[in-house]
Structures are given as structure tokens and as C-alpha cells.
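Take a look at the structure below.
Chain nomenclature is as follows: A, B and C, assigned in order of appearance, with residue numbering initiated at 1 for each chain independently.
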Amino acid sequence: MELPVQGEKSQITELVGTTVLDTIGLVIPNVDVQLRARMDYLNDYRSIGILSSRTGAAGQINAIDEAVKRTNCEVLSIQLPRDTKGWGGHGNYIVIGAANEADAREAIALALSYTKYYAGELYISGEGHLELTYSAHAGEAIQKFFHAPAGEAFGFVAGSPAAVGMVMADTCMKAGDVTLLRYMDADHGTSHTNEVILAFTGDASAVESAVRAARGVGLGLLSALGSEGIPVGKPYLI
Amino acid sequence: MELPVQGEKSQITELVGTTVLDTIGLVIPNVDVQLRARMDYLNDYRSIGILSSRTGAAGQINAIDEAVKRTNCEVLSIQLPRDTKGWGGHGNYIVIGAANEADAREAIALALSYTKYYAGELYISGEGHLELTYSAHAGEAIQKFFHAPAGEAFGFVAGSPAAVGMVMADTCMKAGDVTLLRYMDADHGTSHTNEVILAFTGDASAVESAVRAARGVGLGLLSALGSEGIPVGKPYLI
Amino acid sequence: MELPVQGEKSQITELVGTTVLDTIGLVIPNVDVQLRARMDYLNDYRSIGILSSRTGAAGQINAIDEAVKRTNCEVLSIQLPRDTKGWGGHGNYIVIGAANEADAREAIALALSYTKYYAGELYISGEGHLELTYSAHAGEAIQKFFHAPAGEAFGFVAGSPAAVGMVMADTCMKAGDVTLLRYMDADHGTSHTNEVILAFTGDASAVESAVRAARGVGLGLLSALGSEGIPVGKPYLI
């Protein structure tokens, strides 16, 4: 896994790095006391790590999930603003707490690397987009946001415009023995995105197969809408 | 009325077709049982038709209204995500229920054709947009979403940025003897769009005149903002 | 201060003018009675002025604040739709009430001029944006929206993607003796924008310094993300 690009132009000490999807990773070693009092989700943490992107949600949640598994950090807040730079989905704004700056920095550096890796299953066409993610073992971030059972396999599929996502969701659920965790659409659980989103769990091979089945139908529907969905990175579900 | 383009590249059985405004029409003959349990708005329907677009709301609601009038289907859900591909308005995600796949497919094919027709009164400029729609007889979709009286004439005007829509709304109400049904803005009834939206009813000729009056002032204001509003199709209110 | 461009192409009597950021200023001398009954925020005003833009929030609120200070008008509604023409922030839709059309027209003409001036501290890059504003004396609009104490200095900083804004907010609070008024993010007080926003008050020189400190770090972070933030006008905080 490549290390994230360090922002060479900047001497800003909070900067950890940047990567694809207009993603930036930052740390604050000692958050201002008035801000801590106002931002209830910080709990009593003074050292925080921050990841946010203009485009993407599930991939970055998965990236934070991996980062928190490997470091001594806690997920404090996962927010999904309405963004995607003019497309119909989410960006993200994720805050983690750490005992000290070094732990926060290590976790955010890992999250930037995983963000690049997981961007391989985000597809953008001239008309819409798909986002897919898969984890063999749901950690803290995935449990917190998607109510996934700890340590179990986790799958996520989203398609935009929303009708594409709905057929992907149905395809997933029929592809094998998987259990629905969350169904989200413009009026249910999203920031009014033009997506249908499905999160699910089950046996690892069943979950992975379901994500791949949804990807196939989603890419076909994007193509029918006018142009091919192009992955932002290297697809990792072979 | 032209038939929608069939997605020739795709063998996906759920695909009915696609049309302007990044609109896709799909059917699911037998929605997965876990999804049905979670999506309360499906009621007990197993066969559904789905229409969604990146851009446009009222035209597609009007299109579904016409489709449901002519087929044996029921409107289950009308959602308006924040979209328009970087512009300040809505896209749409509409689900209808049918007794069987054939009925759903027929309705969605009709809705795609009407979507193309009604796109003639959606105008996009470099700075903003207008959306207008008119129905001589409000059917189920228009009644459900806009609280229009059954079978009466229905008018809808929206302008973005919102100030344009507000002057259009005022122009409408003063253009003749019409009755206000819904007023919507960023904080009232929209998905935080940059629009003012007005829905109204009344005598057919008064409603149609009011829509045309609002169109005139709206196109003038778009022009003042910098460039002409271009209709997506052929304007149908002559 | 330059006068706003008059919409020469348009004979629409409601038009006051247009300016940067797809901003339009309008008046309605006598709002339709049905609209007045529905739009509760109009109170009993018949003459209103309207300002709205595709991009920008704090600058335009500050512009209205200056306009209302200098005229006989009242701020009725400040709404911040999710817009910015594909970027991660707000547009605006602001309505003021006046005793008559002339007062409304004077206030909106002033607000258009100030909008152009305050746009000097709005920076847009290929990846994100910053918005900053400063007022030496908070008037009615700033008090209403940001809960600022009357007549005191007021500062506002926002950065997108949200992590950029969070470091700007922390920088502000640490830059000197300032008091936090509002903290806003995708889930708190915004229309789901991809921003962190901070509003604060304090001694005039401390507030201005804090805004400049946040601007420095924000521009550095935008640069690290890939390209320089370009001001929409002439920066006024030297």
C-alpha cells in the first residue's frame, strides 16, 4: 500500500497528507477548549484525527475502520455531507479521538492509504456513479455507522441515480444468503442524495459475491444511461 | 410521442429504458422479501416500477401521473433528492406498485415518454434554471405530492436561484384566479434546494396562463443573470 | 463602491440588479395576498426585497446587514440552500421587509454592492473553497442568524472539505481572545454542506486577526489539496 502524498507546499503542522477524491487528512494535537465544549461528539478527547473528502462515503468509512483496528484510536463522529462535486452522492467528514498526536497521525496516515485502495470500487460515469465496499471483518467504524455485527463480513452498495441503486440492492439480497442491515434513500438516512444504499452482512463469500453481483448490474445500468462507469482506482474485488 | 430508447448495450432484464435528464426507468418483478420488509412504502407490492433522474421533479411527477392514469398501477413513493448535476434543484426517485411485471413495465415506458415531453418546459442557463409543468387533470401522483384536488387543473413553477422563483410565484398568483396549493423553499418542503416552488390549481385556462406568465418573468430574470435559459426539449405551452 | 449591473435586457420591474456569485436582487412592492398568508416569515409586510445567490452565505448576510443598517428595512428570513454550483457549500435566499418599494429597492441595491465587496474573501480552488467574513459592528442580520451581540465585532470562517474548516476553526479560537458563537457542520446547522463553519465575536482587532489566521491555514490546506484558492473579488482583509 502506497503512503499518502505529503503536502510539500505546506508547512502546516496539522497536515498529514492528501489522496484521491479530494481527500485530506489532518490532526489537531490539542483542540481548543471552547470548541471542545461545543462539539459534544469529541467527548473528552484533546487529540483528534480528521479525514474528509469531497466524494465517497463507504470507502472512507472502511478506511477509517482499518486504521482504527491497527491503532489506539476511537471513532467519534462520521458525517456524510451532500457533495460528490456535482454528482448525486455524499462526501465525508470523519473525526477520531486519540491519546496523543502520534496515535492520531498514524491512524490518519493509514486511513489515507486505505482511502486510495478502496477508491478502486468507486465508479463514476457521465450520468451517475456506483460506490461499493467490502470488509471481511467489521470493526468499530462500520459497526457504529451501519450497525454491523462485530467481526463479521460487511458489504455496501450504492447507485445513483437512485433507481440504479434500488436494482443493485435487490440484486444483492437475491445473490445469496445475506442479511440486510440498512436501507437508505433520499428520505431515509442520507443527506438527500440521489442514491439507494444497502448495507448487509453474512458469510464472507456470500457478502463478497453479493457486492460483485450488484456491481455487474450497476455498471450495466450506468452504461445504458450513456457512458461507462470508470473506477477511481484499481478495482480490488476480482 | 416517441418511445424511450431501449438500453441496447444491456441485457439487464429490469431495464425499461432511458431518456433525457439522465432518467432511467426500471422494473423489479418480485422485490426481495427483506427489502420489502424494510421499505415500508412498498406496502405489500411485489412488482414495482421505478423512475429516477438526475435533474427534474415536477415534469417527472406529471409523467408518472399520466402513466398511472393509463395503467393499473399505484404511486407508492415520490422522493426528491438534492441533485440537478451541480445546479440548484432536485432530481427524483419515484416508485409505483403494480399487480404484475407487465403492468409496471407499461407504466414506466409511458412515464419515460412523458418525461421527454415534459422536459420541454425545463430551462437551464449558465446561472440558474426554471422548471414548469401543467396538467389539465390532476391524477394520483399530483394529488399525492402537491395536495391537488382530483381531476382539476394543476400548475407548478420553480425558479433558481430562489429569488427568481419568488418573483415567478408572485407573478403566478397575480396572473389570474388561481388557488395556492404549496409554497416551498430551502427551509420548507424541499431537500434544501436553491429554489422557490409554487403549486396551484384553478380554472384550466387561468392555471395555464399563470404558468406562462411565470415563465416569461423567469426567463427574463435568467437572462439578466447572464445567459438565456435553454429548454431541454420542445416547449409544450404555446 | 460600484453600483450593481442593471439587467439591461430585462424590463422586469422587480429587478434591482445582479452581481458576482450568480447573485440577483429583486423587489416585490405588494406581495400577493395568498402568498403572504402562506409565507409566515413575511409577517405583515407587503413590500419585500429579495437577495439570492448560487454561491456564498456569510458575505451576503454581511451585505444585507450593512444594507439594513443604512435603510428602513427589517430582516425577515435568511435561508442557506445547499448549492455553490457543484462545490461543497451554501447559496443564499434572503428576504427583507420594508414600508414601501423605494426602501426595499435602496436596501437591495446596497446589498448587491456589498455582496461584490465581501466576495473578495471567498476563495475557490479546484478541490474546495473557503469563505470568510468580518464585521466591526454586528447589525440585525448577523445578530439574527449567528446570535452575535449587537454592535460587537463579528468573524466567520468556513472551509471545505470539512476537515479544512475544522483546522481553520481551531486556528481561529487559538489566535486570540475571541468567544465562540456558533459551530456548524454537515449534521449541525448547515444544509448538509461539506464544511465546518465557525462564528465568533470579541475585540475588533482580535476578531480580525483570527479571521486572517484562519485564512492563512485554509489557503495552505487548499493548496496542499492540489490548487490555489482564488478570491472571487479583491480581498479586503489586508
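Annotations for the structure displayed:
In the analysis below, contacts are C-beta pairs under 8 Å (C-beta built on N, C-alpha and C of every residue); 3 or more make two chains touch, one makes a residue touch a chain.
The shown structure was predicted, so the numbers you read here are calculated from the model rather than taken from an experiment.
Put simply, chain A has to spin 120° for its C-alpha atoms to lie on chain C, with the angle rounded to a multiple of 5. Annotation: the chain A:chain B pair of sequence copies touches via predominantly different residues, less than half of the used numbers being shared.
For the pair chain A and chain B, the distance between mean C-alpha positions equals 32 Å. Touching two or more other chains at once are residues 82, 86, 191-192 of chain A. Of all residues in chain C, those touching chain A in their complex are 82, 86-88, 127-128, 160-164, 166-167, 169-170, 173-174, 179-180, 183, 185-187, 190-196, 217, 220-221, 223-226.
The touching residues of chain C, when paired with chain B in their complex, are 7, 9-12, 14-15, 18, 22-26, 28, 31-32, 34-35, 38-39, 50-54, 77, 79-83, 85-86, 91, 93, 95, 191-192.
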